[in-house]
């Protein structure tokens, strides 16, 4: 039966889109259905109840809590990461605040939108405030989906917003907002592991072969993206696919924006996961910390790497 | 020129809403009402028209309506059946009464997350939360309706040796119908509130979603359009319910 | 003036007896709250006899009637109704006070209710009911609902509903109590007219001594605490009777006063108890 | 050993909720109910206890309670006053009737964004949405109550030359009180739904917020704790309302 | 048998006349739906006289009484009540049918209502009311609410409320209509007892000819369409009267039949109209 994939219509979902459009999934005899969500947090519960089988998502508090109570969800591999030059997660600031807000410290008391409570971007905002000796409590966080944030910046409903690509590029195009800070500007060590690929354990238990096949196809998509990200020969084709599946329809912008980094071997950065869990625990969004190793099921990526070979970064 | 009191009243009744709209528009034009926060009636109408033409409004309306109709039916029909059983059988009542008494005071919107866990994040959970809200109100009213049937009617029925099925069809059902409809009417209002609340937090479509994103993005006109559309839906729904009631309860005096 | 008998003496077995009621007793409640509503209620009713029952409030009139109707089971004693030959005639039909009509059925369906329950088809029912609707003068109200009728019209429908099933005995519990005095007199006349035609055996409860005298062959006077028969009065007036003229008969006033005296102490003592309780 | 029917019933009424809890716990322990999604009663109780000890539960409860009480009062008191005026004066009624008829069918939660625009995103808007929901229901019920006072009482009052103020205090207020309380009772239920809905989307504290974040961060036990606490609040609130009613309406038969 | 007069002839100006009613008329509705409920209603009532009004349903009895009570303004005609000397005595007090007591006031407060409205203090009220509560035998029910009383007790409270204000005239609209026949007779006795003590001028509406004969000095018989006075009958019985015995008086039956005949055509025609309408 088909594999339902939860996606958000963002650049980070590119391997799904590539896999579907270029027939990689079909080649592995896996039928894939895409289902869009508001935020990755929303996808965790359906994933654990096997309503969907695969989702990309930030390591949110919900995810750690789900592991704590042993929900049948596993991290299968890495997805996107913020690295210098490849930092797609962006703090957009309203253009009219440009003069009064020059450093992160000036954000004190401002209204800042993130896409979900205690998700990766919430964490990122928190770490940004930590970096100037303040904390997340010094700003006013509201929750809003990315598609809504552009309008909210236009209408001054918010002062700043944490946005991922392609929204960041799209919104800075509108002249009401500018890219104020990027994740990699602040979070270098460890680099921010923004999102990972999650598998439903009920699915992998029931149908490990399909999961393996899925992983192979997915990894081929990752490699295409990696090539495009580095400006390789696939770039035009990948941009075509992204234009089709995301809300960023202006191809020129893809050359201006920063692409998020995708490891060609989908290797996880555990220190980043640990740090995120620590931050959530600080605000009691995570009550009991879990062993990050136990969250990971690398059988499928290992199989895919075995089949497709490793790429040297 | 003196007008009869009733004519004066009728004039006031028409003048008052028209007057409000006019004053609203004039104040907006004059800039007294900040059009960025509260758009003028004309602006709202224009936005509504645009949303209609783009098809977006119809989609949202259809989604909300679908959830509402299915949810209402899935709540009302079992509600009536269980209510009947509870009204007719004291043991069923003894078993279910405490459960209903325990679950009924839960503000139904509060169990939306639980329902999302059970029915997924799609239409299922929204339909379920409407159905649950409707179910309890209808079940309780049906029980009250059945138990409140004047003893004398049951005596008459017994006196004329009414067989069980006829007793139900000819006495219990019509006798409880007015109270059942009272329950349906209340639960219709609650269904709308619960649905809008659910669409605020956990939906990608529907009038509630339209209102909430329009608010979040401060497209205030669209927010007003959403509020007006959901209100019209509510009015139409209660009109239909009233017509059904009139048709099914022809023996009632319908004074107003 | 009529002769008076105590319940046990009135054995008039020469005429065919239709109903034999033997030492009925009825208690409500359990344990300490047990309360005897009716005690030692015995009565033999002849075929075609019109029995009226009067008594203070709470003396068990309704209870006795409900036992006769099979709506209540007696705590002790039993009741026997001799069926006449005719096939599926029901044993009894009851006429209730005021609100006995189903508000959701039309006049037609209300009158035909008993027939419908006996499984008669819709068309047959219409035919069977029509003469009765004519008799009570409400043929053109056939499709009206009860709330569209006046109180008097409603009670005429109730009467028709009971008569149409052709029961062995008719049981009526203060059917005219909610009518105004003048309509009540008119309705008494109509009931007598219907009854003269059919000569049913009737047990009729009322609070009005005048009404009992106008309608009944015998009047059962009851006493309370516990509810029991105090005396049975035979009414001497010839039939057919005309209600208003009967009331002008000098014996009428005498008999009325006679029964009133018998009741007065009962009513007064019931009143004392009620006021003591509250 | 035969038991009286009423004793059997009473046993069932007690046994049924206890039974459900027991079965729930046993099924959880046996793993039939997946404790990851639906925690067992014991687990929920334990989490509730922890939340209580940490003080978090009290904070959320206090916040919700504060909004509810203030909102209810701000809705009910003007509702009663305006309702009285409408019931007493046909011109006030003629003016306000169409406005109320237009605004009342709006599912009140839908205007939460508008209220946030007006009263900010803090407690103000949450209090306002409760107040608005309560106001209309109470105003309508009060109007109905005043207009429904049996003519005979007004006749008696007139016959004994009752002065205006006494008419109000001795006849109109007590005459309308039962209907007013019916309105208060309905609006209490709606107030809870609306408040929880509002706290879901637009709050940083309160039981509704607790439920929704617990859901979003998948701390399912806390979600259940929140649902139970808001239910208990609802029960307590309606108990208090009923006691006030009993106290203010001593002339009513309170059968149950 | 009593003499009969037409309204115009009964000018008995020898006794002091208390109330003069002059060609009252009352219409309801406007334009085409205009309907005359009462026409050419004239009557002179003597001081201390007990007037009973009977007539078919809808003949305007209540309308006439409400005009006398000042609850309704007549379309034409006027009414004059001669006040006696005594200071702040109200012109009239009305006793309503059945539900006239305020359910939210205790017996005490209900009876004292008229006094409270005249500004009397709480303690004085208690003192003023007590003898009346004793008279109606409900002193120990002082703090009960109406729903805790029986129908008869409630109407006794209603009577006390009217009597306690010591009005010039007492207006009663079928006060005993909801009582059962026997309690009604008892209440008639109590009303007579109260009345014999105070000799108020009374206008009493009833449907029951018997009741009118038992209570009244004169009986106003009304006709409908439009509501008007048909005849006025003088009741010949001596006072004080005993209700049950009076009913055994042979003249009672005769007079009752006499008035019934006068009313019957009215009642019948009202009934025809009603059945034609529906």
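Should a chain be cited, it is by its letter among A, B, C, D and E, assigned in written order, with residues numbered from 1 in that chain.
Definition applied: a residue touches a chain if its C-beta (ideal position, glycine included) is under 8 Å from a C-beta of that chain, and two chains touch if they have at least 3 such contacts.
For each chain, UniProt lists the protein as follows: B, D = ABC transporter permease; C, E = ABC transporter ATP-binding protein.
Small disclaimer: the values here were computed from a predicted structure and weren't measured.
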| item | value |
| --- | --- |
| Touching both chain A and chain C (chains) | B |
| By count of C-beta pairs in contact, the leading pair of chains | B-D |
| Between chain A and chain E, centroid-to-centroid distance (C-alpha), Å | 89 |
| Chain centre separation in whole Å, for chain E relative to chain B (CA means) | 50 |
| Rounded Å distance, chain D centre to chain E centre (Cα mean) | 49 |
| Chain C and chain E, separation of their C-alpha mean positions in angstrom | 32 |
| Multi-partner residues of chain E (at least 2 other chains) | none |
| Chain D, residues touching no fewer than two other chains | 37, 220 |
| Contacts with 2+ other chains: residues of chain A | 45, 49 |
| Touching pairs among all chains present in the structure | A-B, A-D, B-C, B-D, C-E, D-E |
| Complex interface listing, chain C residues touching chain E | 56-57, 137-138, 141, 144, 148-150, 152-153, 177, 180-183, 185-186, 206-211, 244-245, 247-250, 252-254, 256-257, 260-261, 263-264, 267-268, 271, 274-275, 278 |
| Complex contact set, residues of chain A against chain D | 41, 44-45, 48-49, 60-63, 65-66, 69-71, 116-118, 142, 285-287 |
| Parts of chain D lying in touch with chain B, wherever the complex brings them together | 5, 8-10, 12-14, 16-17, 20, 37, 90-91, 93-99, 102, 105-114, 116-118, 186, 189-190, 192-197, 200-201, 207-208, 211-212, 214-215, 220, 223-224, 226-227, 230-231, 234-235, 238 |
| Contacting residues of chain B [partner chain A, same complex] | 116-117, 120-121, 202, 204, 213, 216-219 |
| Of all residues in chain B, those that touch chain C in their complex | 150, 152-153, 155-156, 158-163, 166, 170-171, 174-175, 177, 249-251, 253 |
